[in-house]
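The first chain written gets the first letter, and so on, giving A, B, C, D, E and F; residue counts start at 1 in each chain.
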């Protein structure tokens, strides 16, 4: 019934390749099916100005999509002179999500910038960016620990994300593009490794949804997140 | 326990004054406690380009905040040359939320632009904008119906929004600013008049939240929305 | 003969409601007929950089118009990414006009920003902004005096403004929109409470005007300013 | 008493050299003392969109200042990405002023763009731009007439401008930079060749001014304009 | 003597992997040592406006660098709101270079956009972008031919590029970053498959160079281009 | 055979008038035939931030073209909000070229900004800007030496530039606009007074060129540069 033949609660193939960019303190290429996102983490010695003198650090994210990551070419945001609303919304979400797994006092007065650039898009790019961004962040934190610039681990838990939606009247896990564009309700769920909720964003442009549909999607999300966290563990080990 | 002395599930005072701007096809000034938002709806004869020839209409929203709506003055976005990420995120949400209550075929090839400008802010401005924006939209649609430019009502249901959050360890309804800035988890809920869910956006920067906390907030939201919808009904009657 | 039936030298109804925004140090909503402008004054501890170390303060203004303040919706300047030439010209005028009534040494090294936002427009918005902006400024200065942050009053006189023009061949006072758009010559006059001139801006796109017409408009302006200053006095008392 | 030793009502040396740029339909280099402005007029076949189908033409102006036209280098507006408020205000004034001497029906559906670029600045650049811009416009109109693209002259009268101000307590004509920066009141006067008024812009940042001072400045302006119009006549003959 | 131990006329390892992005009509990942550039070619049905009705097509290029492609993170151009001068210069070069190998009449009225995004940078990114961009272009042209949208091949010859420079007083081929940043003279050479010159850009910030040094660099370039063209042939076969 | 009747290796008339802008530390108006460029040099007390504390100075350049310097009016870059790619490319070239003749340690921690503004264009504006820019720079350096702010001359040699190209199948020197727009290959050559090469930029959009054509153009360039350096010497003596 799903275009890919997947079961309602079946994730696409997950692959996380680490250390793909030699300059970055942490990096990975995450592939969720045909969605490929390159994530790098860059450590900066100074925190953003609003944190100067507080002893706290910061984690922020930027998101981009290569012009031909999609079926038809998108205008390059650098050339058009501004980031689209969608881009800004996504990168704010990634930053908030990753910070939920960070002890900012342990990080100290520095900033880690996580860049998530979509090489190829097939639905779920923001979720892949969060899941892969966490791996890059984890690897950068390892470098800080190894160099003894910080002494206690600033990463408090895994952070991973997955999309779910009502497709063809059924709750399905990990929407690919053709499902996403046809879905009545569409949700993104960010959870910690221990299963607590960090972000829930559910949206219905067409038909409104019920409380029970919401809970069915959450069930799917919890099962998907378990697989993503497991893939993160394999990648960083 | 709440700074205002309100009960956990108690809304602030709701007031909706209609037809406050003589030029607009629909308008209201909505006050949710000390949060005051001016909402206008403007009918444009032509739909956005991507809908030309489809027979469908569009509803979109723009959001702004006067520089001194807040405790300290904010830089005027028109002067700084761009809308902040927060602004863009909010106006996309308002547009999506309102479209969930619109039959775009009944609207026909035209666009209604809903402008929501915050005169005074004390938490929950995006929710007030959605609730008040719907009233402006409803009044503009009435004008289209009265002029017989359209024959069937494009408004399919009420749309209203409220924020809830975990404040001081307790789920509370309709956060004002001091609660909002201290809340661990913060959520915005958009529902239809018949109680179906349109948008759920829950976010935890500090502590993650549980499924049961999510449901408690949703309970609060449902009760708040009922009062908001009732105020909408009084306003437009 | 005038569309409103007013006499040639008759002002529209003037109303000034103070303290309309709880956060601002000074604020008012000024209504000149159907032109409604919300004015707030914000005190900033630091002067602009070019005054650092001089002992002098600064008063500046910003002007905006809500998108649907006018008969047809205007594009939101924050969304288009820049302020129009008209906006910039107006806010420079408001700032210059208000500074003419300020003792900048008495103000000390701080800045007061006066924001004038047009809620509803029917001609004469810049003049209403100056007249109302002065009230907001006066109230903010009162707050500085009351808190003993400054000891001598920085406000040296009232500042008020009115437009006059040649309409239907006759000099008329306080143009409303339909008159303004048909006027051959159009002038804005800013005067002090004691009747001295601060700004005179007269302009003829169509027919040039004579010295005697200029003086007739000035006569009208002087009489209008007296009523505006009287309304200011009532408002702040 | 004046830094240059000029009498109160004495203009600086006026020089207008025509046809200084081979590509432009009309051009001149106007020198008012040490203020040098290059003015070109460019004929465009099409009017601006808002005049399509009206049979009317348009005259507009753009103003710029080379970075080192002034005593200390100004940032290049093309590099900073926007025109300053002062620039926008000036070019709007030049356009309005020139249009006051144009029969837009005789011009027909075309546009003439007058570019005024300040090569060297010593006060009064906007007035020099108007006076020189008129010469460039006149020459371009001559070309239209000579080519029989239009049959009746669209130029109805000379347009010229001069600044006057209260300097050292005295009304003086044609302020140079050191006078301008010290003047209490500063005015720009645009008149037609027949002595009618087109624009009066008087401004007092410091001390307010009286009606009689206003008239003294106007007297000066009228005498200066006569000399400027005479120089225009010589230049185009 | 070279940091890498390479001979003066020795290229780095060349690798070109094709069809790396499923959506693009042509794509490759080119690796020249540690410089990795992702190149995609996108076919657009319409030519740029200036070619409408001419029967000719166009090839253009855009260039970008992921923020952490370099040793320290670069600001994302989409976030800063404009492309740097260096970016603009490079993408103009890539476009000109590729057009030199295209028969624009055979291409017909369509446009091919070649996007070159640097994943990892170690010197010579613009040359890698040209060499890889040609492969993406070749593959896209093959698709047009296969679909019989065009009947004769618009690609007239290979286009490839390499950098050479004076490093440590010696002419060297294919500079990597540490060489590039220390080189006195630095040149980029674009040649066709048959060895004709398309672009020569030589530049000396420090010491000027002689005609004989110029020719030595050109000798190196010719030998490097042969290897690059050979790698292109292997990649597309 | 050339439109102007010039010999293949014949320069246009060269004229360099110095000290044309009274405020600038150095200035000239250079005329190469009908190409006229105004060049000013401005001394700034502080170097750019990246040189603070290094003891080194900087020379940079900005380039502009008045809107009607060309046959049809160009849009003013200040009004369009950004500099075109061509402008950015040219001003980067001018800066690099001039720095090749500067001893930055002798200059000390200060910056000289060279502004090159094209008054009238007829091909070769970037080359005229470099040649005239050097004269302005030389005069500004003289002022620094005369005031004893620096003690040893920071100017190490003349810098001049000329364009050459293949026009009608023949190598020609100093292309004017009609030649430039028809040339198959087009090159810009920057040399020092002693004949060493600083920049070579050759480009073929249409037909590729050979090594021997490259050398023929270089021969022409060397002969043109001699005449330009000679004109520089006359101008500054």
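Note that a contact is a pair of C-beta atoms (placed from the backbone, for glycine too) under 8 Å apart; a residue touches a chain by one contact, two chains touch by 3 or more.
If you want to know which protein each chain is, UniProt gives these names: A, B, C, D, E, F = Ribonuclease PH.
Quick caveat: nothing in here was measured; it's all calculated off a predicted structure.
Participant: Quick check on the contact network: minimum steps from chain B to chain E?
Facilitator: The fewest touching-chain steps linking chain B to chain E number 2.
Participant: Report the chain pair from A-B, B-C or C-D that duplicates the A-E interface, where duplication means over half of the contact pairs agree by residue number.
Facilitator: B-C
Participant: State, to the nearest whole Å, the distance from the C-alpha centre of chain C to the C-alpha centre of chain E.
Facilitator: Each chain's C-alpha centroid was found; their separation is 59 Å.
Participant: How many angstrom lie between the CA centroids of chain A and chain F, rounded to a whole number?
Facilitator: Roughly 50 Å, centre to centre.
Participant: Report the inter-centroid distance (CA atoms only) between chain D and chain F in whole Å.
Facilitator: Centres of chain D and chain F (C-alpha means) sit 33 Å apart.
Participant: Could you check chain E for residues that touch two or more other chains and list them?
Facilitator: Where chain E meets two or more other chains at a single residue, that happens at 81-82.
Participant: Reading round the ring, first chain B, next chain C, what is the order of all the chains?
Facilitator: Moving from chain B on to chain C and continuing, the chains are B, C, D, F, E, A.
Participant: Which residues of chain B touch chain A in their complex?
Facilitator: Interface residues on chain B, with respect to chain A: 82, 85, 88-89, 91-92, 96, 99-100, 187, 191-192, 196-206, 208-211, 214-215, 218.
Participant: Show me the residue ranges of chain D that touch chain F in the complex, using the header's touch definition.
Facilitator: Contact set of chain D toward chain F: 21-24, 27, 34, 38, 40, 42, 44, 62, 64, 66-73, 76-79, 81-83, 87, 113, 115, 117, 119-121.
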